[in-house]
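The first chain written gets the first letter, and so on, giving A, B, C, D and E; residue counts start at 1 in each chain.
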């Protein structure tokens, strides 16, 4: 199917995915591939345009009232499902209720937190029908929140919050979204040829889409190619129009005219297990280790996939100061947290060890077993071992094992990453509150906790104050070197130059092809 | 012969293989015979008739399915203690058929010969061990230069003599020789046979001599037992069994032996044998027809055998 | 099979990992409900019994990776391509192997033998992923003779088939050679020569048949080789097959799928071994008749 | 020699094998002939070159063999010079062979009917059905009961004796002129052996084939042979009619053989073995190869190979003892006994043979033996 | 027909019986079975050369801690440099490679000092590929050797016991092997490695577990044969204990089978490790094995082919050499082939 007739139609393209679609069920989706598919085949209240611009999609206008705790959306008339039904406000209510229903076991249900009763439902303390969402007729949707959620509109661009067609879901039951045929669409494209686990399928222009005139591409052929070398070969033999590159490949192609790079809003950082290893409680030791890493060299020479050195926890380009428009990451500005200074590192380490009464440091660095992760650990190991008396062993294990070990505190130091679900710094910062299950290093700061709390309630409706709370919090985090930021991941690809108009967002739905044109 | 002591009594020995499976084999079925001290008892029969199995049952390489083997008045199966077993292992020895398979190719001749000496700690020291080995080699007509060589350097007859030396090393009383010459060339066979006879003479050995070459068995044995399909059909003095066979099978067997004599061969008539009678399921026992001459027979067949014995000019019991 | 199922089940349970993809962001009760969905909340023995009972009915549970996708369905939808390239690879490898093997046995100690030997040793010596990558690079990309990767149409099966065939080819060729050399030295070949048969007649009527019968016994190992190879080859050529699925499942700890595929592989292997036994009995008259005679 | 035509003549045959260890001189200057309808037995101990001789006749020598010298003439045509194609045409049709081990010489995967039919299909161009019909006849001839039912059985369904009959059937199915039987009964029990030997004799009469019968069992020789050749260490040391060899042997090796076997009426007492072991053919000794084991050896035996001395027109022996200058020796008792029988028979006229040369005028062997001395 | 040749006077003197019948003397020098096999091996040129190649490779590999002390010292500034041998100006060995369609001197481009060169190039962290290959070869050989050693211990012991005890014991032990074999080993290994993820030891164990059944079966078959050999029976009739028989009679005679199988198992283990590396559950970084090196190399095969070729060639040579040597040993140990 794919690639065999790429020249037949002018406006068809061949794309690669590096993994299969796990599901097309909005309530169940967790994987990037599935999310991208849903983002391009379904339509929600908004589409998030370039630079996180919120554009109306099914919502024609929105009213916010009650101190940011009630949203009323007017729903577009005449939008259709691919099974012929009309898209109504009830579809939103159905879809949302279905997602929060504990029986559905949606892994993204937590994103509903903040909507009235969502937390209670999750804790099985309230019926899912009590969720704060109501349809007022076919064309009006009212959402009530427990507390103001400053980034609520951004969430609406995320496929989890898209409507679902009750009829279709009922009809297919638990097999809804397990194949192309068992899914209904209301978005720019319809999916064809996905049979559940196969490696190729396609998206075709949806003739029933309300905004079909804006869709300029007829067909997107997909092929799953897991092996990066194979994918590159396919791209080079013109079987693919776009291909994501690995670090080594980037080195070769970074000057290619077809080379494009996107910075993800995910940050890789080091966590030190302060609970298991007392010496990591020593700030000097943490700082020494951080200072020993030359992030510039690391990203340019080792990863070399376009990733950028991270200067803080929150990734660059995620959010802008509501007043000045400065990027959050830039505004934080704690250079010593990501500086390279080996001499200083040696000094601090010597002091730190002395304070701890230790002669040498001997610990294990854990990370995933992907190529990139292995290269990272190898590099960091060699960097750290430049400090006298530091001995590091490596453990590269599968992602899930790494996660489990992190959460159970079975590690010394770990390279971990966090990707924002929505474009707000809080998505990163809340991780390091005391008691958060993802605060694997068990770093503690009362001041930090307080600031985060304020940003969530006291200052929720005051964007500037909230912004400052978050800035302060991250500065504390970095100054104490609670974590050691490493790099912000980039996605580099080769893309045929005649493809234009792809919208990229670093958080949430990454790629939106609804405006894509092919020459 | 009656005066001499019975060294071995085999009583209703049975050896079945794969019992209970569809390929059950009655390799040895109700075999009884005695061997007297100092004699050579020959066991003949065609291939697969159970001769080897009988021999191995006697020396406890196999555990009999049923029956008894009495060696010097003791039930071999009842030997339990390690010490008794070891002394039994010294008294009864075996010489094997295949001169190529019976010597470990990775051991030097001296170690092969000394194996029994080592196991039973018969040597006081290394020098004694060496001396014993050299004596043994000399006994079997080899010289001491051979002791540091490997078996593959020897011819079949020499190897067989090494095997004999190994058996002699523990000074046994009773030796089971399982076709010790059938793999050897005619001209060499006599070397081994002569050696065995000499040794019997010098050391007062008793032999159970297994073979399918009737003329050689007759030549070396005092008494012969004839086996067929796991059963012992006839026992008697060598001359008598050979020249005056009572059982039809024996007669057929004897008539088939080719003689190195063209004139004889031109006149030879082979007596055919029909084995179906053996499978009629009638109970048979060994019956003494002439003195020391037994035939496996049913009650009703006894008379017939007596008649034949009379025709052959044998004294009846 | 039962044993295998049990062993894999408990091995799996030793490993960390869950159906959750972003466990990190969930609350305890949410996790609990999800566990409930997969039946992971029950005591181990209960899970075990359920698993075995279901497995007997052909239900291997639900994939962690593909939500709501039954493992049995996954396997079913993936087995086709694997079977096709597996069978093609096996057939190609075995046939080529028989040819070179017998050729080199007949021309023993000549340059033909030497060359065939080196080729088959090479077949054993080059890791399949290296071989596959070379094939892809030179025949797919440089020469553009065949599709670089992907699935669809016979052309796309050619390179993977060749890559898969390497190991059975090498094994078969070496096996057949040894057997054939053995057979050629046997008495009945001597008798066939004494009958005045031509070289060709001897090889075809006597030697080949006798040396091929034992080949049946290596089909089991060959099948294992194909399975192993398919994991690599399917991955490199992006073929929607079981092997590719298995590797993926390993990397994402999708236990129900790992277990399902393991059982499938074991089952297949058992089946192959069983068929081998039966076929051996059919084509070797010695076994066929002695079995019947009893 | 004789007026009768020799269908096979082997002359000066010398064969070496090249091995890692060196060159094995397996056959050294062997001469013999075969007449129509007769049975020539070759006896000799293991390794004396019997099998190699037959393989040469079949043109089936191992590929490390080198024919250093000699001819093997079949109807006057040298087999050693024939192409593989010509050889294939002769094998199985004109010259057939029976092998020693019936358990391994049949193809385990082919029905026996087909195996017997094969030579017919190859040599006579018979169709499969016709060939198999004839094969069935042959099967009956060799005494397989229920032949009709059994032609479609496989070898493993037969006992050793039956299999040897089948092998014989294969060999005889084309009515060959020469049948070579290389120890056809060594692997069999005496009773079966007797049957097979009888069968062969019977068939020989029916088909009137000549047989070269290889064995190391003198009893079998006595039963089968018309003429006997005794081989030792790659040479023929004595040949003559069966009566001459058994009743009037001349070579000490033949003496030793006869002496070391118990016969039905050997009295108890010592057998006389031939001492020692055969020589290593990698480096055959100079002089008489048997000298080292020969109690009657003389100095010359260690220096020069003996030529053939003629005993009668049909009887020659290669031993210096027959040299007119050699001292008279007393052969072993067993041989003396046999010679006595010989004398009796001779006078009774029950032995027919050529003119006897008394020891006094023994000449060096005839024309075909003139290479015998001084080599 | 008179005598043509005068024979000397004393020609017909009988030779004294005693001095000439000393026939039991053996002239040939004494040679053991192993010496014989060694001799035959030497005649087999391919096998003999293979053996030397292996010895040389092993020498290089095992001295690598001295000759190539820094396989893991990373210098990202020198990453992915192509091979450069000073004085050689052949593309592929002069430090140049094609980048973006042009041949670029990577050493210049990366400001590598004139004096510095990597004969086999560098990897993604700027580590010397040559050093890493030496080191990796050592690790691979170690894995092969130790896996085989464990395999030997389990397999040979198991095989001997199973065959020697016979009866029910044998039956049960054989069933176990059959079960082991009807599970695709690769799957078991993968599962095992998932559970005990990490270092060299688990991999060695996993490979040994994968391979021992073959060894056990071979040993068993051979032991069954030996068990009925008459020299073993002879030892039994002499009263030798089972343990001693195993040591004195079985093991020495099993040795050829074991040695041959070992020669096959070592490369198989090395090969398997490479496969595991590809699947992504191989040995832990930064330790290199040939498998991980090839796997790292294959990712960039399109533009840095040397990174795959060199370790792959070393692996292939090792594999081929082992296989040819094993074949040669099999022939050498097989008395049937003692003559051509």
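To be clear about the criterion, a residue touches a chain if its C-beta (ideal position, glycine included) is under 8 Å from a C-beta of that chain, and two chains touch if they have at least 3 such contacts.
Nothing here was measured: the structure is a model prediction, and the numbers come from that model.
The chains in contact with chain A and with chain C alike are E. Comparing the CA-atom centres of all chains against that of chain B, the greatest distance is found for A. Between the CA-based centres of chain B and chain C the separation comes to 55 Å, rounded to the whole angstrom. Between the Cα centres of chain A and chain B there is a gap of 89 Å. Inter-chain centre distance (chain B to chain D, centres taken as mean C-alpha positions): 33 Å. Along chain C, residues 15, 133, 137, 141, 250-251, 253 each make contact with two or more other chains.
The set of chain D residues that touch two or more partner chains comprises 275, 277.
Counting partners per residue, chain B has 158 as the residues that reach two or more other chains. Going by the touch rule set out above, the chain pairs that meet are A-C, A-E, B-D, B-E, C-D, C-E, D-E. Contact residues of chain C toward chain A in the complex are 15-18, 20-27, 29-30, 33-34, 36-37, 65-69, 73-74, 77-78, 133, 136-137, 140-141, 144, 147-153, 235-240, 244-245, 248, 250-253. Partner chain E is touched in their complex by these residues of chain A: 228-229, 232-233, 236, 246-249, 251-253, 255-256, 297-298, 300-302, 304, 369, 371, 374-375, 377-379, 381-382, 394-398, 401.
Residues 179, 181-187, 190-192, 194-195, 267, 271, 274-275, 278-281, 291, 294-295, 298, 301-302, 308, 312, 315-316, 319-320, 323-324, 336 of chain E touch chain C in their complex. By the touch criterion stated above, chain D contacts chain B in their complex at residues 45-46, 160, 189-195, 197-198, 216-223, 225, 242-243, 246-247, 256-258, 260-264, 266, 268, 270-275, 277-278, 341, 345.
Those residues of chain E that touch chain A in the shared complex are 72-74, 76-77, 79-80, 99-100, 124-126, 194, 197-198, 280-281, 284-286, 296, 298-304.
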